[in-house]
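Multiple structures follow.
In the two complexes that follow, chain A is the common piece, with chain B as its partner first and chain C second.
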Partner chain A sequence: MKPLELHLRAFTRNRLFMPLTVTVALLLVNVLFQPNFLAPRVVRLNILTFSPPILVAMGQAIIMIGGNLDLSVGSGVSLLNCWVGINMSLQAGMSGHNALILVTGLLMALSMGLIDGVIVGLFKVPAFIATFATSFIWLGLAIMIAPIPGGAVPRSFVHFFTFYVGPVNVMLLIIVSAALAWRVVRWFRLGRYVYAVGSSWEASYASGIQVSRITLASFALGWCYVYLGTLALTAQTRTSDSAVGDPFALNSIAAAVIGGVSMNGGSGSPVGALLGAIVLSIVMNIVYFSGLPTSLQVLVRGVIIIAALGLTVVAKDPRLGSERG
Partner chain B sequence: MSDLSLIPYRRNPGEYWRDFSKEIISTLLAVVVIVLGAWVSKGSADWTYLLLRIKVASFIGILGLIQATVILSGRGGIDVSVGTMASMGLLFSAAIMRGQDGMLVPALLAVAALGLALGLINGYMIARLQIHPLIQTLAMSYVITGIIIVYSQGRMLLGRPSPALEAFVNNKVGPVHNMVVLWFCLACLMEFMLRRSRVGRKLVGIGTNETTARLSGVEVSSFTVGIYGFSGLSAALFGVLLLGNVHSVYLDVGNQYLFPSVVVCAVGGLSLAGGSGSYVGVLGGALVYTFLQSFLITLKMNESWRKVVFGLILTIVLLVYSRSKRQK
Partner chain C sequence: MENLIIEARKVAKRFGGVAALDGADFQCPRGKIVGLLGENGSGKTTLSRILAGYYRQSSGTVLYRGKAVSFASPREAIRSGIGMVHQNFSLVPDMTVWENIYLGVEPLRRWGMINDRQIKRDLQLHLRRLCPWIRPEQKVASLPPAGLQLVEIVKAFSRSPAFLILDEPTSSLERQQVESLFSLMKEMKQSGMSMVFISHRIQEVEQICDSIAVLRNGSTAGTVDLSGGRAAEYGTIVRLITGNKEVLPGAKREAKKDRPVFLQAWDISDARTLHHVSLTIHEGEIVGLAGLQGQGQEELIMSLAGFRGLTSGRIELRSVPVPAWSARQAVAAGIFVVPGNRQTEGLFMDRPAFFNVTFPQATLPRSPIIISNKKEQEVSSHLVADMSIKVSSLCTPVTSLSGGNAQKVVVSKWMPLNPKLLLMADPAKGIDVQSKAELYQIIVGLAERGTSFLLYASDLRELVACCDRILILYEGSIVEVVDNVNLDEETLLSKCMHRRVIRQPEPT
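Up next, the complex of A and B:
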């Protein structure tokens, strides 16, 4: 066989092949519906709008690779957004205070991840119900911090995320380095163990991996990504709102699944989730620009998410199309 | 399978505790909450008030029974589209009924058919395409919200419950509300079916171990499709009952029952991994939930605090039950 053919086959067999193809195809469709899609101003805007769901989906992907999932990321985004938006000071010369707020925000994100991780990893409560329960705690706290939408973030904070280093947007840099960070983690034992625990909890336990610690670590790491996503979101909305995180819970999981992360854990990568999140965002874009009546849009989005999930699963495993069990 | 459980078998007290510990815990919790409520506010122990709260509990409890059936089926089974399904049932049945008794049966049939169809789609995606139940039903709830928005956009929301429906939901048998009687009967009937009927044993079998169930000749995927179909159908019919209770049409009335429907299952000792638990426990869970809520309201706790407290309670209950399961 020719080397080229081998490369091609390896490429099509790659887990990222499907999501990548779908992303490119959807990009083309989007250009069709929205002719100025490639204009610099629109690209800049889209990078800003797409990045929060991308980062949250990457965090969700890490948790899912570890064999769990976290439904509370949605309310977590709301809580972090409220904390940052309400407490940051707009006055000049308060950078010390603002830095303190940002650091406490990170600590809050980490502790939310650790709490979920302890309940799921140490007490072995099924992840979906445990994080369903904690999501109400985060949401209640968020409403307590910001009963009505309000607050603001300083200009410098927004400028940081929309800043350009040469031709490259800072947001893009953050996403790329977030993806690279996972590559680095995979070189170490931690990364490998997350995959191991995700694919078989019992086998990992039997081979002496400290399973609950790895689960804790995967949750903590995932929530760091969620925090980054929240900051990007806050830079975009420039205010705080306790309902802002609502769609993130489902969308992040759907994005990860579309991007090839298995619901059973142990396979996939945050880069796949990144592509999945882009696919979802572009679909929303297309629905918006296709001129459908606003009332139809919610329905169409729901149907498309179901269809995308179904197609992804069928494409991954042809046997599933037929009777099983 | 069912023959074995018919063999009379004398249990010692320890075994009773092992089998029914969760039910006992949830019943004790209910008593504690009621007593606490009575202690804090002198009016809380008033009989009419108590019966009224139990009527409120009956709505949460009936949806809890439906949710429990799905959770019992295992593999992370949960149906989070029941809330919007109920809203849809309420909206469409009101539109068909328009306050006429003659249209009650057509309304019920139409709503049931729609709920069944959407539920079967859920089941198909979950059982055949192996999509996680939570994701599928969450996406379905978006679809249903979409349907509701499309329907209600730019029109007056017409419709009222018919007099017969309203009478059924609000009347009493002696001192007890009809709804409460219906709820208790349903719980007992479903409990009996779960323990003694073939369908019930299959449900437990699938929830406990899917592979074993399949090897014993249960058609797991068709059965799972059926369970989600049942859940869609009965959640839509539950919407009709809600219509009788709220008298007029609101768009989002069903969704506030979603969180309670899961909580009452957890508090009632249903294993959220599926396969074990009882409907009677869920009944107790609904009582605990309702009385706890009224207790917190008496304490003048605002909504955000109530959210935190309920989240904490659910978390603690999950932790406690996970401990007791491990010792077993």
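Up next, the complex of A and C:
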């Protein structure tokens, strides 16, 4: 067999093959419906709007690889958005005060991850219920901080996220480094153990892995990505709103699944979730520019997502072919 | 004895109200291999799990290297040099072979990164010994059962523990693989490793072990030193395992001839476990299913109940072939399952007894849409009386019943449907002697009235006590059919080990 053919075969067996194919196909359809899709201005805008769901989905993916899921990331995004948007001072630019707000925001994100992680990993409450409950706590806090939408972030904060280093957008850099960061984590025991615990809790325990600690760590790590996503979102909306995070919880889970992350844990990668999030965002674009009556758009969106799920999830089911070959 | 690596003194373990281990003593000398034998449920796995840090004993002491220990987790046991080959494996299915073998003990390089290169280098050495055909890059989920078992063994040995428990490592291995495992064990013994070897195959234990400890009903039945002549001990060991227990009272009955055939299976196989099984069950006959653990007993029962798809063969009811056998047809023909796990498969544990007892009737196609509680209770109070189930009230949830009474509820719920054939998977598992006897009396009574039974019991005594014929299953096939005439438990046990008689190694 020719080497090229071998490479091709290995590539089609890759877990990311279907998500990538679906993403590229949808991108092409998008170009078809929206001729100026590749115009620099539109590209810049799309990067800015796609980034928050991408980063949150990557965080969700890490938590799901560890064998759980987190329904509270949505209201977590709201809470962090309110904290940053209300407390940052407009005049001060990137002053010590604003830096302090950003750092406390990160600490808040970490604590939310740890609280979810403790309830799920230590007290063994099913993640679905536990994080459903904590989502109300985050939302309640967000409403306390910002009862009505408002506040604003300094221009320098917004500029940072829309800045170009040569031809490369900072936002893009952040996403790429976020993906690379997971690659690096996998060089260490933590990364490997997250997969092990997610795949089989019992086997990991039997092998002497401290299972609850790994669960805690996977939540904390995931929430770092959620925080990055929130900052990107805040740079885009430039204000704070306790309802802004609502769609993120379920969207991030759907994105991860489309990207090949298993609902049972132990397999997939944040890069897959990245692709899944792009798919979900592009579907919105396509439906919007398709010229369909507004009343039909939501329905069609659902149908396309089901089709995308079908392609990616069915493709990795061993009973139906490829994956394990 | 001074030189013990591990010693258990009067160790007991209770789960809820059930004693899995009841004052067991166990000793393993340094650098020796001790065989641990016992029937299913005699406490072998519980004892080994206590030694490996899974469970804490309810009472008693464990001495490791002369010091009393009580491990809080397997991690602590592993850290002090105790390893275990798990019966149900400690492998992560989504990971590769090499990732699994080093899971938890990865060698590190700078900044705490995992040294994958070293892992792959060392691994070749370990794998070559037992299973050179396994590729390190392979996902564990894609391995056959024997491959899983070998990887589990390699994983345990590669950590070079001081004390290693091997919980039934040979049950899914072929003869050749068992031999290479034994040569590895002997070599490790030379280098000072102490081991506990758990197996159902007495011959294997005789071949590799220095001494044997036998557990029965959660406590130590005896020990046998094998350093002298070994083959002579076979009978002693079997007697220690089975014990000189009384025959179940009142269960034995007269055999009847010329009963009409109820169900016949011809050459049935399923995708994995069963191979070309043919059997005949007559009306009012109690047919036993014997065999070592996991030879396809549960699978056969579930297949006849229509819960598992068959890949070949056919089933005839009263000599009429039934195409596409399914659970629906089985129930229509009056064939019901009394499942092995009553907590999860046989009962709604939180619901009262009367709900459980009348539930099957409520699911019938022609049942009334509204079911009156009063009527349900009336029907069930008759049943409860018939089956002598002891309940404080019909409304108490089943969780509060003892195992024996709960099992009677499982059996009694099929009575109003007038069952023709009951498929029972170890119905007397974990219930006390009294209820066991009552349960078997009920079974025999029903058989007198024409109900047939296919009965799988892990305790062979139960089969000898009440079956008309006994089918011996071995690796998914019926290898022998035994008429229950002048049969005793020891003979039956030897028959179950069918084909497992290992040629003794040539004297050197």
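Observations on the structure shown:
In the analysis below, the second predicted complex is superposed on the first by the 310 of 325 C-alpha atoms of A that agree within 3 Å, B and C clash if a C-alpha of one lies under 4 Å from a C-alpha of the other, contacts with A are read in each partner's own complex, and residues count from 1 in each chain.
What we mean here is this: a contact is a pair of C-beta atoms (placed from the backbone, for glycine too) under 8 Å apart; a residue touches a chain by one contact, two chains touch by 3 or more.
Every value quoted in this text rests on a predicted model; they were computed, and no experiment measured them.
In the superposition on chain A, A:257 contacts chain B only, with no contact to chain C. Look at A:298: by the touch rule set out above, it reaches chain B but stays clear of chain C. In the superposition on chain A, A:119 contacts chain B only, with no contact to chain C. Once the two complexes are laid over each other on the shared chain, residue contacts for A:129 go to chain B alone; chain C is not touched. By the touch criterion defined above, A:150 reaches neither chain B nor chain C.
Look at A:140: by the touch rule set out above, it reaches chain B but stays clear of chain C. When both complexes are overlaid on chain A, the residue A:310 reaches chain B alone and has no touch with chain C. Chain A is touched at more residues by one of its partners, and among chain B and chain C that partner is B. When both complexes are overlaid on chain A, the residue A:192 reaches chain C alone and has no touch with chain B. The residues of chain A shared by its contacts with chain B and with chain C are 324. Those residues of chain A that touch chain C in the complex are listed here as 187-189, 192, 195-196, 198-200, 202-210, 266-267, 324. Remark: chain B residues 76, 78, 125, 128-132, 134-136, 138-147, 149-150, 153-154, 210, 214, 219-221, 259, 262, 266, 272-273, 303-312, 314-315, 318-319, 322-323, 326 touch chain A in the complex. Considering their complex, residues 69, 71, 119, 123-126, 128-130, 132-141, 143-144, 147, 249-250, 253-254, 257, 263, 293, 295-303, 305-306, 309-310, 313-314, 320, 323-325 of chain A touch chain B. Within the complex formed with chain A, the chain C residues making contact are 54, 73-75, 78-79, 84, 86, 89-95, 99, 103-106, 108, 112-114, 139, 141-142.
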